[in-house]
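We call the chains A, B and C, going by the order they appear; numbering starts again at 1 in every chain.
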Amino acid sequence: MKSFLSGLAAFLLCGVGLTACTTPSAGPPAVRIRWAQDPQTLEPLTATSSQAVEVINLRHCSLLAGDYEHGRFAPWLAESLPVISRRNSFTLLTYTLRREATWDNGQPVLARDVAFTLKVMNCPRLPTEYSRTQYGVILDIELDAANPRRFTLVCKGSSQNVIIASGDYLILSEHSLDPEAALRAVPLPLLRADTAAALRRYPSLLNLANRYRSIPPEKQPGCGPYQLTAWAKNQYLRLQRKPNWWGSKLNKPPRWLQAQAEVLDYRIIPDNATALLALRRGDIDLYPEPPAQDFNRLRHSADSTKLLFSVANSYDVTMVGFNTQRPALKDPLTRRALSMLFDIPGLISATQPGLAYRSVGLINPHDKPAYNDSLPLLVFAPQRALALLSQAGWQQHPDKTWWRNKIQLVLNIIYKAGAADHEAIATQLRTTARQLGVLIKLRPQESTLLRRQMQSGNMDMYVHTLNGTPYAYNFFSIMHSRGIGMINYPRFQNAESDHLIEAITAEPNPLRQASLLRRFQVLLQQESPVAVLYFARHRLIASRRLGTVQAISARPGYDATQLQLASARQ
Amino acid sequence: MVRQVLRRLFQLLLTAWGIITLLFLLTRTLPDDQQLLSRFTDTTTGTTASGEQVRQAQQARLQRLGLAEPVFYASRATVPIDDEQLLISRWHWNGTHNQYHHWLRDVVHGNLGRSYRTGEPVAGLLGSALLITLPLSGLAALFIVVFSLLLGLLLASRPHTGWVAMGLYTLDSMPLFVVALLLLLLLANPDFLTLFPTYGLGLDNEAATSLPLILTAPAYAVLPVASLVLTGLAEPTLQLAAALRHELQFFYILTARAKGLSSGRVLRRHAFRNALLPILTLYTELLPNLLAGSVVVELIFALPGLGRLLADAAAARDYPVLVGGVAMVVLTRQFSLLLADWLYQLADPRIRTTG
Amino acid sequence: MRPPPQQTTSFGWQQWLAVTWLGLLLLAAVGAGLLPEQYLAPDLLHTSAPPLTPNHGLGTDPLGQDVGMVLLFGARVALCVSLPAALLAAALGTLLGLLAGYWGNQRLQLPACYWLSGFLAAACYVLVTVPSHGLVVWWWPLALGAVAILVGRFLSCITGLRKPIAFPADWLLLTLITLLAALPRLLLVLTVAAASEPTFWGLVVLLTLTTWPQSARLVRAEVQRVRQLPYLEAATAAGLPPWRIVRHHLLPNVWGPIATTIPLSMAALIALETTLSFLGVGLPPEIPSWGRLLAFSRVAPDAWWLLALPGLCLLATTLSLRQLLPVNKQRSTI
């Protein structure tokens, strides 16, 4: 027994002693960023996590990049935005690739790499379900015989979204993934139309698929600024800037073609409390999206001298939706009455003080031309809600319950289990409604079950945070009747609204689109399929090693290409 | 003897196979239609896929993963309400083209399949997770056994040890995450003591790569192991103390005392052996319990262990990883049962568990 | 076999304290039922407020609910869910552990003819059913069972089928335990969530079903040990009926581990109940519980009152149970 104890003592001492040794005295040249979870896979065809998307965008380039400052798409690998022309009912988009763009090995990026990429995205025996559908508008690619960097995409449809889709996928390298150029002979329309026939006519497709799958995605060459030097699953991931990154040869490279940091080091720390400690001890340099409470507490603590804080308005909107197909919620009056039961200022100050802002609808108030500021914000008015309920035909019985046509006003509300801010919303609604005699049951759900229930309409109300982007307005999936059964969770169906959504998507002129969007907001407030509560602000805490750091409006809330150590900054 | 062992081993594998089959069928009942759909619906730029297109894509994914096939040899037939027949079969026969058959065939060939999420072989994923979890839970189990023996003897032999018991009850009433967070906030906090590193294994430090892992790992292992030990200690210790006190009431103890043995010796030599028997079962199941049950510790200290792997797999409906991991836990449990029976017989040769 | 008890189990001050605490809990549980639910309304102006805040003597949680009120209402859950689940799990575990430990794999024997007829009936039930005419086919399993018994009787005329075959009770128990223990928690939750809406009794049953193996294994081990002792062999040789042996000679011996394990399992049960509730298969979130408060301390680690106050209540309950369940009960003597 004694020896065990002394062994334990030695173990502990050894632990303490070695901590001192392992703590790095001088900081490494890497920018260390906290991630809550591992990217799982970097395979461009199947990667879904936001972490994977971030790494992929640092290792690879697409034709177009999102310019979050101006809320539009801008040329990335392409020299300029595509030249648009028409042929019959098709849209032709002609791109020219940048002259400087090269792969890791110095080979130039050419139009045939784009053709190869499009064919891989439709290749049989590869996990192409997503890309095949998402980029299905691209029907064919025509290479320019005279200029190896110029090509034309044949697309169906003509909206802004088609142009975005045409340049939104990352470009793969043909010479390293398909050295025999087996795909070059296969026409894209055949691959798109009939994979079985394509396999029959070109059996070499099988070899290609096997070869593609045998190369780990992290080994695929890219034309982006960084390459992956280390990746331990669920621990860390390290990106190193390429020594001769072609973007640095550009005269005045745009932001998305810059790469400031020498080394980007992602640390995977799932727990928020642990991440906060790690930041305060100097183990990490950047902590994106800390919980609101931690952010505010740290900002007003003594540590604030050692840390940097930044916030930016995001496009993430938190709302409560009503299932408009339920008998009790069919009429807009009832929905509007229930919308008046949210104490939105109280909820903001309770769950995210200073880190959320209000809006009349789904449009971000900072988008001045499109935001309809003539509409009133939702008010917390239980008494007016009572009046509206009576107006909607509900009658209050002596026991304070509400009835209409033998239906009692009893509703359930579902939200993601463990999401504290959603629970706060549901609890506040329940308490307020109960005082009026409206019974509301809380139903937290595991996230997959939650999405399933919302999709199938198996609920009365739900709390949801919708992650928007600064680039385009597209209400097709969330409010159009075509989205019912997908993510039109309110199951909202309204001819006028469908018409408006189609018009907004098709309208190329920004001014006319803005006026349509204003009309759409008025309609949504009248119909009230959702009660928009607030937009959140992106926030981040960084160590002073980074000099300056700015949160951005787009996800993930920071721009990894712009991070840099203060010591490396000239 | 050899025959006996072989028979036991065969029995064990057969039981494990039955359990794993049941769990296989249970995991496949989890709905997984949201994995691809969420990717479509999270995309807000570009074109919007229609419901029909999404359904087709989902079908194509199921085909690719082999999930479009029936799950088992037989599936439930719908029983008609009204029928001329006297007896109706409850089952619909599917033949050998089913998910279970294919999975079993692969397992027999030593292939556990590939993860749906990452495409990596399941065996490799489990192996790398075990490389972290096994030393961690092994150490924790070892310390729990040692400390509970020491403390149990202490509690039983000394009269005024109420505070120790009190401390153990306090530890027991704290959930694991609380203990782990408290340790972290007390011993790895710049405001209090920064004795230990906060997270991970130190593999991500450039400075640490100069030292071999065996030297750096202990510092990182102390807090996770300590939180597992502290929460696991109460039950075996208190059980052992109660059993020892119980044994001390017997005449044979009086006899031993009368022989002139010191009370400490009586406790260790005579009472201990008898009291230990029921506690052995607690000890042998420590390791399997810790193997998959330390998710919380792995999350708080950012360790890439088995518990996290399985929890993530269940959340993402990554069936091959989930079933592979569960199968490993089942096998470990079966072996721990075998170990328990063997230890009983070692401690008390009169017991014949197989008999 | 045992010297006379050295100390009479007197009702000391510790026991009185324990009774007082449990009485207070009962009072709180009953009282909470009478209080209007309005006391639980979230106060959005004071979220995560420390104790001694005006109007919130014990502070508030991150949702703005008063901690004192949550503790009061939570007593109901502790008393009506966790405690019954702990007792039921111990009872179920004891029963199964006793059966498995006593009978082992060999001692429970049935003639081969009954095995055969039982197996045939089970196969018949699993494979085929009868068309139902709107009613639940309740008579189908009953009829099969009756037929099985009759066929068994009939077959027992054949001498060759009278050979007894052992029922592997021990193996069955261990397999069941392994199955339950290997089931990932999330999988269990999702399976249950798909099957039923969360209810109060459903939760007690679910908690009982997931926690009984611990006591079953302890009891089985103890019974295996005691079964070999000379006095039990003597009892068996004397021809005492099995239930008598179990009741008078085995039960008193297994009481020790069970009495130790019940108080200890309270904390684990409260934690499990919270996990299940969080994942949507436990109690609806409008019913406050101590475990929920404890879980909030994960979100706000610096709010010590969310940890200390429910922790103290839990500890007091555990210690009270410990005091009221004497571990060293009268042991069997022959």
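As a convention for this text, contacts are C-beta pairs under 8 Å (C-beta built on N, C-alpha and C of every residue); 3 or more make two chains touch, one makes a residue touch a chain.
Being a predicted model, the structure only gives us computed values, none of them experimental.
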| remark: If chain centres are mean C-alpha positions, then the most distant from subunit A is chain C
| If you average all the Cα positions, which chain's own average lands nearest? | B
| subunit A to subunit C: how many Å between their CA centres? | 45
| request: Using mean C-alpha positions as chain centres, tell me how far subunit A is from subunit B in Å, no decimals. | output: 35
| query | If you average the CA atoms of subunit B and of subunit C, how many Å lie between those two points? | reply | 21
| task | Any chance you could list the residues of subunit C touching two or more other chains? | result | 186, 190, 298, 301
| field | Junction residues of subunit A, two or more chains touched | value | 273, 446, 449
| When you check subunit B against every other chain, which residues touch at least two of them? | 31, 181, 185, 315
| note | subunit A residues touching subunit B in their complex are 1, 4, 8, 11-12, 14-19, 21-25, 28, 30, 40-41, 43, 46, 48, 66, 127, 129-130, 132-137, 157, 161-162, 164-165, 168, 213, 232-236, 238, 265, 267-271, 273-275, 277-278, 280-281, 283, 446-449, 451-452, 455, 467-469, 471-472, 474, 476-477, 482-487
| Touching residues (chain side subunit B, partner subunit A) in the complex | 31-34, 36-51, 53-54, 56-58, 60-61, 64, 117-119, 125, 128, 143, 146, 149-150, 181, 184-185, 188-190, 194-208, 211, 215-216, 218-219, 221-222, 299-302, 304, 308, 315, 317
| task | Sort out for me which residues of subunit B touch subunit C in the complex. | result | 11, 15-16, 18-19, 22-23, 26-27, 29-31, 79-83, 85-91, 166, 169-170, 172-175, 177-178, 181, 185, 234-235, 238-239, 242-243, 245-246, 249-251, 254, 274, 277-278, 280-282, 285, 288-289, 292, 310-311, 314-315, 322, 326, 329-330, 333-334, 337, 340, 344, 348, 350-351, 353-355
| subunit C-facing residues of subunit A, complex | 273, 291, 293, 297, 343, 346-347, 349-351, 417-418, 420, 423-424, 426-428, 430-431, 434-435, 441-446, 449
| message | Per the contact definition, I'd like the list of subunit C residues that touch subunit A in the complex. | response | 37-38, 40-42, 44-45, 47-48, 62-65, 186, 189-190, 193, 278-280, 284-286, 298-302
